[in-house]
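Presented sequentially are two complexes of subunit A, the first with subunit B as partner and the second with subunit C.
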Partner chain A sequence: MSVLTRPVERAAAPAPPAPSKRRKRNRGYGFVIGALAPALVLHVIFVVSPYAQAFYLSLTDWNGVAGKANFVGFDNFERLAGDSLFLDAIKNNLLLLLLMPAATIAIGLFLATMIQRGGSDGRSGVRGARFYEIVFFFPQLLSVAIVAVLWGFAYNPNNGLINGVLRAIGLDGLARSWLAEPSLALFAVMAVMVWSGVGFYMVLFSAAIDGIPREIYEAALIDGASGWTTFWRITLPLLRDNVQVAFVYLGMVALDAFALVQIMTVGPGGPDGATEVMGLSLYRTAFEYGKFGYASAMGVALFFGTLVFALVALRGNKNRTELA
Partner chain B sequence: MKRFPLHLALGFWAMVTAFPLLWAVTSSFKSDTEILTSPWTVPEKPRWDNFGRAWNEASIGQYFLNSVIVVGGALFLTMLVGGIAAYTLARYRFPGNRFIYYLFVTSQFFPTFLALVPLFFTVEQMGLLGTKLGLILVYATFATPFTIFFLHAFFRTLPSAIAEAAFIDGCTHWGVFFRVMLPMARPGLVSVAIFNFLGLWNQYLLPLVLNPDPENYVLAQGLAALSTSQGYQSDWSGLFAGLTIAMLPVLLAYVCFQRYIQAGATAGAVK
Partner chain C sequence: MTSHDISRRSVLRAAAVLGLAAPGLAACVTAGNNGGQSSSSGDKSATNPFGVKADAPLEVVVFKGAYGDDYVIAAEGVYKKQFGGAVIDHKGIQKVGDTLRPRFVAGSPPDVVNNTGAGRLDIAALNQSQQLENLDELLDAPSWDDPDVKLRDTLLPGVVEDGTYDGSFVRFNYAYTAWGLWYSKPLFEKNGWMWPQTWQEMLELCEDIKKTGIAPWTYQGKFPEYMTDPLLVMAVRGGGMDLLKSIDNLQPNAWRHESVKAAAEAIAELSGKGYLMQGSEALSHTEAQAAWCQGKAAIIPSGSWLEAEQKSVTPAGFDMVMGAVPSLGGSRLKNNAIHAASSEAYLVPSQGKNVQGGLEFLRMLFSRNAMKDFAKSVGTLPSVKGATDGITMSPALSSVSEAVRKAGDDTINYRHRIWYPTLTKAVDDSVAELVTRRITPAEWVDRVQKAADDLAKDTSIKKYERK
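Right after this comes the complex of A and B.
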């Protein structure tokens, strides 16, 4: 999914010129139709039409029986507002949204700065930078389901990695049932999201820092600026766009979180709704309870949540970037 | 030695990243008792039979093959229909061009969850629920907007002179696309293909809903099902072996082609 890009110059590429104008032009239209038809047909059947139907279904009480969808207006949404499990889900998604992107971006920025500007002269890359980048990036390539299975094992209270390490270094007292304690479970899930996301954003930020002219850092060093000052006054302002893109992507991940929660947590979504997320509520309501109308209303709520988040995150940056 | 704290910080995160992965790979060579009693030591002797058990009895082999077929088919389809649509939208003027372009690219901003219920019934009514063909079509369709978005920008940057020369020599529109523009777009195609491959290989939500038949499970789905099914909780070593089988090809490919893969994986954000 890509969110931000500079506007493409219009009028860059004119239609191919044709010697005998009329005949060629008609063939051009034939080509255009033939070239676009397969992608368009698939898109309308599997994307446009389902999205459009979802909005209508959210206003019905449909439970999967053909022809038995009664229009109920906004009843589903009124019920949602009083559905305590769904409210828990919203709360958890918001908590993820508040903390996870910030933590991921902070660690990613820190590591990228270290790698790019951590050399002994304060402006070149650190030794072994490439090695670090390769290691940091790897979790990004793993399927989120694989990551979830892996960390489900790692969090196992008896023979998992985390408690194993804690006991090995004598910190037995810190060993926990990470996914079974209501106050810890959501943070355990969040930690996995940060773990798997940091490398990707580190590489993005690292490339961006690499693109900043070295002279700027040299000038700052001559003027006596510390590493901390160059970070706040040079690196961060010049990376503003990249950080914003990262925030939007990570926000979308935080509003999803379905696969990790569904595979890792008890219930799933437990203990006692502590890790419930909107996607999981929707999935359960639709495919376990068969309440398809009500589930669609959850989808619409999730859609508007995402929309509001994207608008807020992109606010104030309209001049330089455009959606898609 | 002034750099020591810095390497400590970088080394710490490298360890946080690598340790769980190494732990899983090591555990896959252990016996069940070793996993239960000494979770973070090296195995006494490597148990290769864990892998055989995972591959055959736990059906990881079957899931792997399913993933290859579904992802391969979808990747080919999205590159073909997305590539040619991107080219047409980027280089031909016709009424509705802008509208169609935005119809594709704006769909990337809609959460998949919103489409889930109607999509399930669409696929069911077409008789494609639980089939590889159904998954291929849906995977390809969901990957196409990004393919178009990325390649659209790429085709715009290509020079027109060669295409014009080909038209003058009597080449058809299809000929120009397949013989002139597609070869010139190779770097962009490679990036977007890698990006799509990773995205499709990692799909979880779509197969979970559209592919309920265990025989047709894709790898991620099958492994997740194994790890949560009660009956399999006892075979820890087999599960770790399955996990390793799922991770290792990606790890090897990454070590060999890491520059391309990093470029491809970040294609969405560093255009």
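Right after this comes the complex of A and C.
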């Protein structure tokens, strides 16, 4: 009896607290779900759903105003492969991807190093570092539309700032129609992207350099290392993660570039396709040509391009340098 | 975040969820019903030709740009007087396309739309999707001012043609735009310059202008279509309406017509002889037009909206006027033939709740009184005949009105630029290369012909025919 009853008693005895415990745990989940749900719902409605719709629309001939869309399979993607303007756009985006992030990161690193370690003793920043830090950050405060309009003025061949300065210092021969010459236009746009991005990455790198223990630099300097050597052997390896993240962000900017090109360039996208980018082709195809299906196919292509780039860029993360 | 944070499994799981959810979510973009509700109608009568139900509400959405929307609000006053019980919902907006696209897709568009401005709706696409009411009934209805005259017979030439898509008249344009070359009348008078009739005279004039230190021409280089216009006008004058038709109908070798090449050579000659203001190729319309208003250049190509556009920067006594593009010789049209077309598109969506009200409202909006108010307040030619009679016009508006009168039925209007935006872009891009002399006139012809041929072969683009 006792053998039989004991377990029952035992089982019965701890029973009362169990429901409350479970309720407590449920309350915990309830809180987590309650906190996540609104964000998740918004994310699904405004991020996941448009993506899903774009994927679906890229397989149709939807014209943007019809209540129905006809399924056309992969026709849109086949057309993409033969669309010379879109291929120009891919080429230009790749050129931007190749040069713009590298230039921005190089200048950003240089400025950050100068601000943190550029002093004559190699231990502190150049004189007026705080001032430069703020000034270089200014472009970050301007919206991209304003940046584009301002640089449009600066590039004006007749009364723009750039040709004005060139003429004032007697370099009339270098004055150009910056945005109207096919060989210069894309570089003119690229320069603006670098200009507007450099300040942000300078601040990012500067903060990272600040986080590197000073003793490491002290030791290197005592060993007689030059500024150049400390940069290559200490600063750059320890900033690897930051540089990589910067590269991913800048790469995405390079694969986009829509706003600057749309506002600044001749055509826009010109002269003669010289500054065409994928985003601009997409926009024109959808909103000027009324081919939303085909434009969605461009968007899907851009999506996969960006995804592949991000994966490739983040792969190099394996051999990371850790601070001992 | 490193790549290790995301396991392959979680990516796959997310992808699976996405894949399952996609069809459901994707359905919503085109889930609108296309059937539409039949709009309720009242009894038809002589004063109510469409049978508008007096108490049915009317929703009017207009683009509020340079022309404002006061003239529309005035016409709404007339509508309210006629149909006492009607509540009018008026919206003056900027981004017509972004605002109305979802409503068309959902099958609940407004009753009247002024589809104008950047980011407007694609009318051809709307028509193909059976979203627009055929306005033939409106054209054949008695005009507001005179019950004996059909509305159709009060319009300027080309308005019906401009509004016809695929054989149905769905777009009713309110304003009438003429294109030409603009100059300051006092500047020309002061220097004793006469507006040239032939291209030879134009070149001589340019030489004279250049001697005074002013650049003879400038153009809106950032938007090369401004320069396409004089080129096409010269070409069509030489080749006649047959050439225009063959170009619009994408016929093989249409662009290889000798008068097209001659026109391209004439435009290239302008820059070859240094008659274009330096740097024009990089200027936006605002920059080029400002330089022209400041007297840095004498002649600029543009349309009749120029006066309104330049209002705030035009110096007093500048008195801009429009001259017709000179002829190359051997013209098959009148030498006064100009490019003119109607604009400011009014539409009546077929799925609107009060289609009859929309039609009746347009009948009021296209009355002579409303048109006169419009001409007076915005300084633009409306699309009905005689709307500017008896009102004092600025030198610009009277020069445009005079040019339209002189051209008579010889108005040039290219349909291909409306039907085939991809061809338009190819032509304009090539014109920019031609004007900057990066390509020769012969290469220009080749490029444009190739673009037209490619378009003709492209089965995914709907083709139209000009008769």
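The rule is short, and it goes like this: the second predicted complex is superposed on the first by the 269 of 324 C-alpha atoms of A that agree within 3 Å, B and C clash if a C-alpha of one lies under 4 Å from a C-alpha of the other, contacts with A are read in each partner's own complex, and residues count from 1 in each chain.
The definition used in the following text is that a contact is a pair of C-beta atoms (placed from the backbone, for glycine too) under 8 Å apart; a residue touches a chain by one contact, two chains touch by 3 or more.
In this text, all values refer to a predicted model and were calculated from it rather than measured experimentally.
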Which of subunit B and subunit C A:71 touches, first, second, both or neither: neither
Which superposed partner A:270 touches (first subunit B, second subunit C, both, neither): second
Touched partner set for A:49, first subunit B, second subunit C, both or neither: both
Partner chain in contact with A:155 - subunit B first, subunit C second, else both or neither: second
Subunit B versus subunit C as contact partner of A:232, first or second or both or neither: neither
Contacts of A:146 with subunit B and subunit C, given as first, second, both or neither: first
Greater subunit A contact set [subunit C / subunit B]: B
Partner chain(s) touched by A:182 [first = subunit B, second = subunit C, both, neither]: second
Which superposed partner A:165 touches (first subunit B, second subunit C, both, neither): first
Residues of subunit A contacting subunit B in one complex and subunit C in the other: 48-49, 51, 53, 57, 152, 158, 287
Subunit B residues touching subunit A - in the complex, by the definition given at the top: 2-3, 6-7, 9-10, 13-14, 16-21, 23-24, 27, 35-37, 39-40, 80-82, 84-85, 87-94, 100, 102-111, 113-120, 122-123, 137-138, 140-142, 144-146, 148-150, 152-153, 155-157, 160, 163-164, 167-168, 172-174, 176-177, 198, 201-205, 208-209, 219-221, 223-224, 227-228, 236, 239-240, 243, 246-247, 250-251, 254-255, 258, 261-262, 265-266, 268-271
Subunit C contact footprint on subunit A (complex, rising order): 44, 48-49, 51-53, 55-57, 61-69, 75, 79, 152, 155-158, 177-180, 182, 265-268, 270-273, 284, 287-290, 311, 314-315, 317
Subunit A-touching residues of subunit C, taken from the complex the two chains share: 2-3, 18, 21-23, 25-26, 28-34, 97, 101, 104-107, 119, 121-122, 124-126, 128-129, 131, 221-224, 277-279, 281-284, 287, 291, 421-422, 425, 428-430, 432-433, 436, 438, 460
Of all residues in subunit A, those that touch subunit B in their complex: 1-3, 5, 8-9, 12-19, 24, 27-29, 31-32, 35-36, 38-40, 42-43, 45-51, 53-54, 57, 107, 110-111, 114-115, 118, 120, 126-128, 132-146, 148-154, 158-161, 164-165, 168, 195, 198-200, 203-204, 207-208, 242, 245-246, 249, 252, 255-256, 258-259, 262-263, 278-279, 282-283, 286-287, 292, 295-296, 298-300, 302-303, 306-307, 310, 323-324
